[in-house]
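Okay, so chain A shows up in both of these, paired with chain B first and chain C after.
== the complex of A and B ==
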């Protein structure tokens, strides 16, 4: 809570400026005047200095003027040519002259006979024109009409569906989300062909007007959670949303925690899996990372592949992960504690060899470990950030310099290198990157605790982390459930991975409303011997 | 209600079990064997039966007023003035107990792991961590305990198994060699420390969600705690024998030191410390929590959280000055504490139960 106070203090001075940033443009909310030339002038003044806006003026018949307005790059030009412009011009030719079209006929005619576009909307204000045009629709203004027509002609460059880069699997679908919202919703729809799957649309961001879709399975999800998600997203007041991380920071329960309380994923199958457990997915335009809430610590420890591999294997792998989480958090600090305070606990032979390798090392264990851990984190970060060809060089330099030369120079002991590398590997076994980075971060205070108070310090640090984790909630669901509070039946998906025919019920915390996954347990039986 | 958090009966039972494991398990063997010699383990079993009786008394009393804590219903039962005084006593008791346990743990940590560290650092850090937990309410304590417990107790059992080869059954003979009286004498300190101390758990009653199962959960915790305590006494007796056990401060620590697997796992008493400190965490936390909540109830405050820091500082100071050295502490625990604690653990609850039955007071019907 202290931290919160400091942050509030730091941000307080900025708060007053915020309101003045985005004044509403008074010109935009005006209705169309009906005077054709005037309206176009007005639009041009709103969109001045925008080279990508196209005004295509034309005549319908002899007298009546019309104009199409669209953003080049966001529209399907062929569609405008074939389905809007061409029919309009042809209709003008066949029209008995010189009578003007009346507005009332116009509306009917346009929609029913002339334009062959699937989605047509109408609007009366400049605001609407601006919004529609900016989102890729084509606006049509006609002389004498105080209404504008909008044709859905959206089409822009997008990445195709590819294998998700951050969550690779050996077995399982290789489709990942893309930056396109509709592609992403379709990837989910394809997996759940039921009208129970809801996709609520929202718009967030004063300037970015980012589309957000809240998706859930009606009848399975707890309505209270959906309402909470809706409310929390509705409260967001920001100029632009560039990635789901923005949303995540706005909607999490405890903003002063290192642990992620919202899960992000690139995998549609993962989202669907969670929807089936009664959770809520949040899909955001322009990013391939969807969010899932609520989430628990143990959800983050599960990869989607766990459910595709054989359950024996998955159970073993889960245990491996649990072991390695503890390793990633505690191994360096335990090593420091043992070397600094409790040498007697090491077996004599091991102690002798460790002591021999540390003979030339000029630093105490804590400094040595800090040096190594920090440089390891630096290497990792460099590997992510650098262009791929250079990244290779960095890893070679890192391995050679830190692994080999530092030991030979007597700056670092060989056991420490081993400890640091095991820790590094351990931290990458966690399926959720945001969680593994939290654990990696916590390692450093733990090392300091171990260096100052030995094993007692490690225990105190662990207790603080445990207390913190049990106090956390994600959308009302305790972060450590089902371990604490203990829900014995839900351990079927935590301690082990129950075979699918054993997962009869959804998790208690989120799936209470509709707990049955299947009617009754069906266990495949081996055929009897008499056959 | 001061703390809106809810725990269920199982969590409360788990808390009670960890509470029993804290502090006592390390000292009971020497206390008990100094009185009952090789029959010390029988004393613990008998004490468990007494413990069940004590639990019955205070849960029966508490369940008559399920929405209130002992500090609140003492006023209803005994009248405003006497009730307030009794309430004050039940603020003092957990406070005192908590400081004793803190001092005890710090002594132990200092002697096993950190001989050069000032005690105030050890106790201060421990109290700070606990205070952080207390601020989360009873819910947090219940959950943290629920995570630690399934790790700790199997390791305790593992230690017993590893010691099997060093145990000699002959050390328990002669059974009842001195008659029954020493055994009964030995059971007295065990009854009050730690079994009777569970009287503090009446403070948790308003926070328990499924209160019907509470009595069962508490009884179960006492029985299980009694079994583990007996186990600790038996294993120290079997490994060290009665005369050495009675002379040591922390006999359990000494038997953990005996563990030696293939010359590889040796001197693991520091890990033993981890186990013990983690259960002490629960014991101190419960005492600390009861004090803070008790003070808030006594003064009718709206939130107990503002009491957490002052109580913690007082506990820290008091724990530094409560006694001079280990010897004073073990003498106090063995000879004075049982008589000092008996009124809190048995006499006052029993008296209040009788009065409430005679006056036909019952808080169950009322909504408050």
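== the complex of A and C ==
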């Protein structure tokens, strides 16, 4: 809210450039002329200075010229050789001399008898040729025809399905999304074999033309949310989408919040789990991260593994996480507040040992804490960014330098090192990285508040954060639901993780339309002796 | 939107404008661990504070951390005792602060020791400071000592790093009288009960050996440690006398504050000749004042459960009769103990530290107001008290018969 005018100031200066970006190439929208040589010439001028485009000219029969246009690297060359070029040349040999194929025959012959490619399209404008070729299809132009044929020969290098790096599990499927859109949709399809599973396609980005798939379960999802998602994505006007983060920032409800209001995941099972709760998944080409909306704070606190482990364990682990969220947010600030304002609140012996270890520290507690927290964040960032072998060295050096040397040199007290490391561990217990980094960021203002106002400041900060969180919405769903507003029945998946046979109903906020998950509660029960 | 933002900003800023006015780093604090008060000549008050020296406290055992450059100079005390005279406590406190580089911090002073002279002259004037001052804790133990209170603070600790911590732990165990400042004030202000508090004395932890007593040497001061030796008995806010350890424990029985006790009884010749010791499991006392024909009788009922842990007599504890006999003996002993302390308080101190008056007020409020309230001082010494103890031996330890019975021929 307060950032709004700063951002407006920054964006206003660029507004005048908008018109210059939107210039379109007038040549591309023209229709094919029918004059073979001229059309080829025209295409070559559109695709000039492009070394990866291939024009394979050949003759059908003796006289009739043809050309195959494709982008090397985006196509399956073997398929072009055997399923397009070879049949065309062989048909030419068998043709009665010296006749040319006419357009009318051509369409029929090509599709029905000659070409053995699954998907064949036709087009009449240069624009279509450009679009198809750029997306990996092979275009065929034949002399004497004012039409182009497109054969789907898409194939490019892609990563295989691997275990997701950011969301590892002990128990659960090890498949993660890849950068390939269709692989990703197939991973979801494989888990829901129902025509109710919808996969709406969209294209976003003037230059990138990124394919986006909105997926949901028809009959379970609230149509209003799907419409809203469709509209919000439709509004996006940008040159290129490189990652799901672009979409996320375009479609979230409150752009000035540190908290993520859209969940991202690499796990297909997580997406499917949310689809079953009546949520909408957004899969974006060229990134392994899919988005899930709407999402609540508590959704982000849940790992997919919670639902695979035994429910006692999952419940305990959830509580552990809740505890550690509070720790990650408040521990350093509480430590500072207690040490600089409220020394009477510590037990005498604890105060004395803390005082003893702080005796040689030249900084106030707040400076000491800031120093340590900032270097910890630096260490974490370096660990992510550096090449893996170097990263290990950094972490060892960091742990040694910060943990031991600083204490021994008397620059930092040992309790502070403990506080910082517990906080660090705590912030990594959150399953959602975007969530944990938001909490970690908020820790710093909280520390400043604690250093200036003591517990009073910590309390104020916590209240402000809480008020902000309860006001947040994600696609109309309150961020803190089901806790605020309280939806008692939904606490079954928040306070505890109900066993599966107890999760009869979907969550109230998103699954209202079709709440019944199972017909009736069926608790596994061994047969009694009489039966 | 922008207007709202500005208003919000102003509100947030005003909160911050108060600034860090009460901010103090731990390094700039003199953490007071105990307070001692004495009255000196001329009616002035001497305030003695025991202040922890954190530099000497930390990193016990970690040779590398503390040993290197900082801990030089061999063994040093972990506390510093400072004192100053003043007209009032706060006056002395101010003068003391002038001498110290760090801000005196009272919140962790959990022990208040008051010297005999000050106690005899009345403690209300000094206690006012402790009930008023923000940093002072009402939940600090109040203790009295014969002689100068400041001497107690100079006795070096044996187990803990700080001697006041030792005193606090001793108080916490509830073996002796343990009274918080808030309890003391409560007793002071309540009708029908007079204050009592613990008496601390420096004492040797070792029992004197024969050779020591012959040569007349008492153990050096550093060998001594602070021991709760009894109780200080008050009338209003003035000290009137001391109880020794045994009497103080009798008072604890009556005040229903006893948590731990060992009762030893002697079994006479005809029943087996020896001693039996029992450990208190649960003890409870009840006052039942009875007003009959204008005469007040106080019935004291004591119920106790005991574990029998030592038996050197020839009693066979397998037999219920034997247990009953022991129970009776224990009851007698308890009654005797209580009678001793009762006699002393009624005859010598004439101070109702048990709260008999409060019990009367609760049972007969009207009669109390009319008859007893104003002249309870005279009434209490004449009060007829009937003590009835009921002891139940719950367990007899891991064995029943004494080992001396079963294995007679092997021992001796």
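One rule holds in what follows: the second predicted complex is superposed on the first by the 525 of 531 C-alpha atoms of A that agree within 3 Å, B and C clash if a C-alpha of one lies under 4 Å from a C-alpha of the other, contacts with A are read in each partner's own complex, and residues count from 1 in each chain.
Following the convention adopted for this analysis, contacts are C-beta pairs under 8 Å (C-beta built on N, C-alpha and C of every residue); 3 or more make two chains touch, one makes a residue touch a chain.
The model shown is predicted, which means the values in this text are computed figures rather than measured ones.
Participant: Of the partners chain B and chain C, which touch A:454 in the superposed model: first, second, both, neither?
Facilitator: After superposing on A, A:454 lies in contact with both chain B and chain C.
Participant: One more residue to check, A:340. First (chain B), second (chain C), both or neither?
Facilitator: second
Participant: Contacts for A:356 in the overlay, against chain B (first) and chain C (second): which applies, first, second, both or neither?
Facilitator: In the superposition, A:356 contacts chain C only.
Participant: Looking at A:480, would you say it contacts chain B, chain C, both, or neither? Reply first, second, both or neither.
Facilitator: First partner only.
Participant: Thinking of the overlay built on chain A, is A:463 touched by chain B (first), by chain C (second), by both, or by neither?
Facilitator: A:463 sits against chain B, while chain C stays out of touch.
Participant: Classify the contacts of A:348 with the two partner chains as first (chain B alone), second (chain C alone), both, or neither.
Facilitator: Both partners.
Participant: Pick one for A:365: touches chain B only (first), chain C only (second), both, or neither.
Facilitator: The answer is second: A:365 touches chain C but not chain B.
Participant: With both complexes superposed on chain A, which partner does A:471 reach: first (chain B), second (chain C), both or neither?
Facilitator: first
Participant: Taking the two structures together, which residues of chain A meet both chain B and chain C?
Facilitator: Chain A residues touching both partners: 341, 344, 348, 453-454, 460.
Participant: Hey, which residues of chain A end up touching chain B in the complex?
Facilitator: Touching chain B from chain A are residues 341-342, 344-345, 347-348, 453-457, 459-460, 463-464, 466-468, 470-471, 478, 480, 483-486.
Participant: Write out the stretch or stretches of chain C touching chain A in their complex.
Facilitator: Listed in rising order, the residues are 1-2, 5, 8-9, 15-16, 18-20, 22-27, 29, 31, 33, 52, 54-59, 64-65, 70, 105, 107-108, 110, 135, 137, 161-162, 165.
Participant: Could you pull out which chain A residues touch chain C in their complex?
Facilitator: Residue positions touching the partner: 1-2, 4-5, 339-341, 343-344, 348-349, 351-361, 364-365, 407-408, 451-454, 460.
Participant: In the complex, go through chain B and note every residue touching chain A.
Facilitator: Touching chain A from chain B are residues 7-8, 10-11, 109, 113-114, 117, 121-122, 125-126, 129, 132-133, 136, 140, 142-144, 146-148, 263-268, 270-271, 273-274, 277-278, 281.
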